[in-house]
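Quick one: this structure, given as C-alpha cells, is what I'll be asking you about.
In order of appearance the chains are A, B, C and D, and numbering begins at 1 in each one.
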Amino acid sequence: MKVSIVVFPGSNCDRDIAVSLKKFSNKDPFMVWHKETSLPDSDLIVLPGGFSYGDYLRCGSMAANSPIMKEVKKSSEKGSAILGICNGFQILTESGLLPGTLIRNQGLSFLCKNTPLKVQNNNSIFTKNYKKNDIINIPIAHNEGNYFASETVIEEIEDKNLIAFRYCDHNGDIDLKTNPNGSRNNIAGIINENGNVLGMMPHPERATDKSAGLTDGENFFTSIVESLT
Amino acid sequence: MKSLVKIMPKKGVLDPQGKAIENSLNQLGFSEIKEVTQGKIIEIEIDCDNEKDARVILENASNKLLANLVIEDYEITFPKED
Amino acid sequence: MKSLVKIMPKKGVLDPQGKAIENSLNQLGFSEIKEVTQGKIIEIEIDCDNEKDARVILENASNKLLANLVIEDYEITFPKED
Amino acid sequence: MTKITKELVEEHGINKEEYKFILESLNREPTITELGIFSAMWSEHCSYKSSKTWLRKLPTKNNKVIQGPGENAGVIDLGDGDAAVFKMESHNHPSFIEPYQGAATGVGGIMRDVFTMGARPVALLNSIRFGDVSHSKTKHLLNGVVSGIGGYGNCMGVPTVGGEVEFNSCYNDNILVNAMCVGVAKIDKIFYSKATGIGNSVVYVGSKTGRDGIHGATMASAEFDDDSDEKRPTVQVGDPFAEKLLLEACLELMKKDVIIAIQDMGAAGLTSSAVEMASKGNVGIDLNLDFVPCRETKMSAYEIMLSESQERMLMIIEPNKEQEAKAVFDKWGLDFATIGILTDTNHLVINHHNELKAEIKLDILESGAPSYDRPYKITKENEFDQSLAKETNDLALKTLENLLNSPNLCSRKWVWEQYDHMVMNDTVLRPGGDAAIVRVHGTNKGLAISADSTPRYCSADPIEGGRQVIAESWRNITSVGAMPIAITDCMNFGNPEKEDIMGQFAGVVTGMIEACEILDYPVVSGNVSLYNETNGKGINPTPAIGGVGLIDDLDHFSTPFIKRENDNIFLVGETNGYLGQSIYAKEILNITSGLPPRVDLKSEKEIGNVVRDLININKIDTVHDVSDGGFLVALAEMSISGNIGVKINLDKENLNDKFLFGEDQGRYIISVSDGLASEVTKILDDKGIFFQKIGKTGGKKLIINDHEEAAIETLKKIHENWFNNYLEE
C-alpha cells in the first residue's frame, strides 16, 4: 500500500498518522508538502489533523485552496482512497470533496477527550473490520467539529448510509446528551457516495497504542491496509 | 481603495457564537437585546480605481475563499474614505 | 430595530488572521489585494424605537462584553431596513 | 534628540544611583535608545537584581545535569544520547491585562526557550492562580487564561499534559500564569546562545516587529496601581501559526551545520537577545536597524530595540551560509534578515537611518547590572491549635463531599479538556495523575512531569514551605514510578523592597536549597516574578516548581486509578493528623492561621525510594501521594478515577477528622493486589517503613467502618461538576 500524507503549514498530526500507518502497513508513507503540484502514485492520501494556516478565517479554508488539493481531487476522481481526520475532514468539506461543513462546537470551547463512537457503516474500505453498531472509544480534540449541512443533504447521507460513525455513550445511546459538539444527527464521520473518501473528527491514530491507553483504532487501520494492499 | 466584505451566517444555520452572546447579554441585564448573529468583516485595501472592477475581484475572492456558501452569505461594500 | 456592531483590531495590534488571509489571497493570484484586516460584526435586533437610546445600550454592551478594548475598537451603526 | 530629564529616567525605573553609574560609565548622557536599553536590561525581570544573590545558592548540579541555569532552558541527560530541555516562565501581568493573549503568549514564549536549544517541545504544563471565586473578575480571567493556553498549545500541536489551578483572594488583582515546556533533543545536537566568531552575521528570523509590549519587561517589574488600566501598553498578540512555522523552520535548519548560536527574543526583545548573546561570547555586536523587518511604519530605534513582538529569533551564522539558511525560512514563509555583525569591540552599537543611536560597552550592561542584597526578615505563624478539629460524628463523608466540592480540591477536568493533551501520541499518563507521563518518542522511556506549589504553606512558614514544595514535586514524580532528576522553578513574590516580602523570598529559597540537596533534585532553569502586588498588598509567596523525572522502562509505572476489586489499601508514611494550613482548616473550620505541616526530608526520601522500587519491580501499579485535603480526599480521588469503591476500616483512635483530613507530609496510598500483599508488607517492614492497612477495594461505594457510605457515582459528580456549576452560575 502506497500512502501519501499531505503536510500543510500548521498540520500537527502528520507525524502521528504516519506512525500509525507505518505500524500497520510496514511502509513509510510519503510526506508531501502542500505546495507540490504533483502527488506520488498513492493508494491512500491522508489529510492529517492540526491547524492548517492557524485555522484562520475558517478551519480548512485556506488549505483547501493549496496547490496540492487540485491533485488530491484528481486522485479522488480516479478512485484513490482519501482520508481526512479532524482538520483533514474540515479541508475535505471546504474543498467540496465531502458535503456539509464543520462549525464551532456548541459549547464554544475546544474539547479533548475520549468519545465513544458507534460504527454505522462497516461496508467501506476504512471500516470493514468493525462490526456494524460496534461501540469504539476514540479521542476527539477540536474546537470546530460540529457537523452541519442542509436538511436535504442530511437526508441524503442518511438515506444512502454514508454516515461512518456517530457519537454515542458507552451504552450506544445516540442523543443530544451524548453529542459532544452539537453535530447534526450526532455525525462524527462521513463517507462519499463512491466510498473512497472518508472524513471524521475523532482521531483513530490516537487509539492504536496500548501504552497510550486506547486500541479501538486498530481495526480502522487494518481495514485500510487489507482493502488497499 | 478601501472595501469591506461582510460575511454572515445564512438564515437557519446554527450560530453558536451569536446565541452565546445573546444569552450573556440578557444575563447581564440587557433585556432590550433580542436577537444576535455573529459574522465576520474583512477590510480589504484593493489596488483598483473603480468599484465595478473591484466588486468583480472581491466577489471572486469571496466565492473562492472568504465565504463558505454552504453556511454563509456575503455582501461587498465600499465605505467612503473619511 | 436592527443594529450592527463592527469590531476591528486596534491599529498597531497584530492581526494574524488578516495577514494569513492576505497571503492566501495573494497566492491565489489576487494581486490587487493589498492589506487585509479581519474583524467581527455583530448584528443585533434591539427592542428600542430610537437610535439615541439604542446607541447608549449598545455602547454599554460593547464596553462590557462585545469588544475587548485592550486590543479592539468598535463602531455602532443602524443600517436602514430594506 | 529627546532630552533626558529626571522624570524620564524615573519613568524608566532607573534609580538615582543606577543613573549615576550610567553617566559615569558612558562618560556622557545616554541617548533615549540607550536609556531604554539600560532600563530593560536592568529591570528586575532581566537582571534579577533583587534575587540574584539568593538564587546563586541553589544547588544546580547532579550527575544528570548537562546545562544548569544561565541558558535559555535547563538540560538533563535521559540516557542513550537523549536529553530533556525544560523551563518554566511567568506571564502574570500581561495575563491580568488581557487574559487570552497574555496566557497564549506566555505559552508561546516558553516554547521558544526550549526549541531555541534544538529540542522539539513534547509537553506543556501550566501553573495558574486566580483570585477568590466570588471576585468579579475571576470568571473572566479564568476563561480567558484557560482558552489562551489551549489556543496556543493546541495550535502548536504540543500536548498540555498537566499543571495546577488555585483560587485565593490574594491573587484578586495579581493572577499568576506560569507556563512550563519540556522538549527532547539529542545531547550532541543542543544549541546554545553564546555568540562567537568575529565577522559572523547576526540574523533575525520569524515574524515582523511591531510596537507590541514595548516596555513589557519594565511593566512586569513594576507594582500595579489603580491607574494601570490607563497605562496599557500595546498588548502582545500571539500568532501560534507563525510559531509553528518558526519551530519547524528552526528544527529543519538545526539539522544542518549552520547555526553557531541562537536565542529567542523574549522579554526586552532584540535588546536582551543581542546583549546576552554577545556578552556570553565576549564579543561586540553591531546592529543596523534599517534591516529589521517591521510591521509598522516609522518605528524608532527605541521602539525596535524594546519591542516584544512574538515569534522571533536571533541567530549567529557564518556569512557564507546565509543563503542555505534563508532557503529554509523562505520555504516556511518567514522573514529572514541579516541585521548585524559580531565585532571585536565588546560594544553594542546600534545604527538606524544612518545615525548612531547607541554605543554601550557590553560589560556595563551585563556585569555592571545592579545587584541588591535587600534587607529581609523571615516571619512565621504560630503553631496550630489541634483541639479545634471536630470529631467526625459520622459526618466524615459529608465533610469529604464539601471538600471535593471546593474550588481548590475539585477535579480540574474542565480545564484540561480544553487542552489537546494527546497530540504527538506519546502521552502515556494524561492529566489527572500525580505527574504526567510522556514517552520519549520512539523509545520505551517515559518523562514524568509535574507542576506544584503550596503558597499557603510558604506564607505561613517560608522555610518549611520552601522545603515542602520541593518535596511535593519529588513525591509526585515518584508516585508514577519515575526517578526525579531536576526541576525548573518560577518564583512569584510581592515587592522585594519590603523586608517581610524579601524574608519570604529568602526563607523559601533557604528551604528549597535544603530539600534540593537532600533529595538530589537540583534547579536547572527558572524565572523570578516580583512586585506581584496591588495597592500595597502582596500575593502569597508562590514558588511554582516544575519537576522532571525519568521512567527507564514504560512496562512499569503507576497511576492513582484503582484498577481491581479486592486490592488492599495501604497508607504508607506516618499520619499524625496535623491540620495547620490544611484545606480542611480553611474550608471546614474557617481558619487560615497556623503553621503548615512539617516535612522530614530524610524519611521523605526513604519512603519515596521504597515506593518507587515497589513500582519498578512490578509489585504495585496504583499509587497516589497524599497532599491537599489529606488521606480521605486522596483515597476518594483514587476511587473516583478508577470507578471502584473502597471499604475502609479504621481503629477507633483514627476515626476522626484529624486523621482523615490532616495534611501530614511524606505519605502515599498504594493499592496492592491480594496475591502480592504479603510480599509488599515484607518489603516495607524490612525497610522499616511505617504503613497501615486501611481497607479493601470493591463495589461502587466508599464505606467507612460499616456505618458511613457514599456512592462513587455521587462523589464523582460532585468532584467533576464544580467548574461547570461555577461558570454557569
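We adopt the following convention: a contact is a pair of C-beta atoms (placed from the backbone, for glycine too) under 8 Å apart; a residue touches a chain by one contact, two chains touch by 3 or more.
Worth saying up front: this structure is predicted, and the values here are computed from it rather than measured.
Across A-D and C-D, the chain pair carrying more C-beta contacts is A-D. With each centre defined as the average position of its C-alpha atoms, the distance from subunit B to subunit C rounds to 9 Å.
Chain geometry summary: the mean Cα position of subunit C and that of subunit D are 37 Å apart. Centroids built from CA atoms put subunit D at 41 Å from subunit B.
Residues of subunit D in contact with at least two other chains: 239, 241-242, 333. The residues of subunit B that reach two or more other chains are 40, 64-66, listed in rising order. Counting partner chains per residue, subunit A shows two or more touched chains at residues 53-54, 56-57, 62, 65. Listed by label, the pairs of touching chains are A-B, A-C, A-D, B-C, C-D. Of all the residues in subunit C, the ones that touch subunit B in their complex are 6, 8, 18, 21, 24-25, 28, 30-48, 54, 57, 60-61, 64-66.
Of all the residues in subunit D, the ones that touch subunit A in their complex are 147, 150-151, 154-157, 239-242, 244-245, 332-333, 416-428, 430, 439, 554. Considering their complex, residues 97-98, 101, 207, 210-212, 232, 234-237, 239, 241-242, 295-296, 309-310, 333 of subunit D touch subunit C.
Those residues of subunit A that touch subunit C in the complex are listed here as 53-54, 56-57, 62, 65. Across the interface of their complex, subunit A is touched by residues 16-17, 20-21, 24, 27-28, 38 of subunit C.
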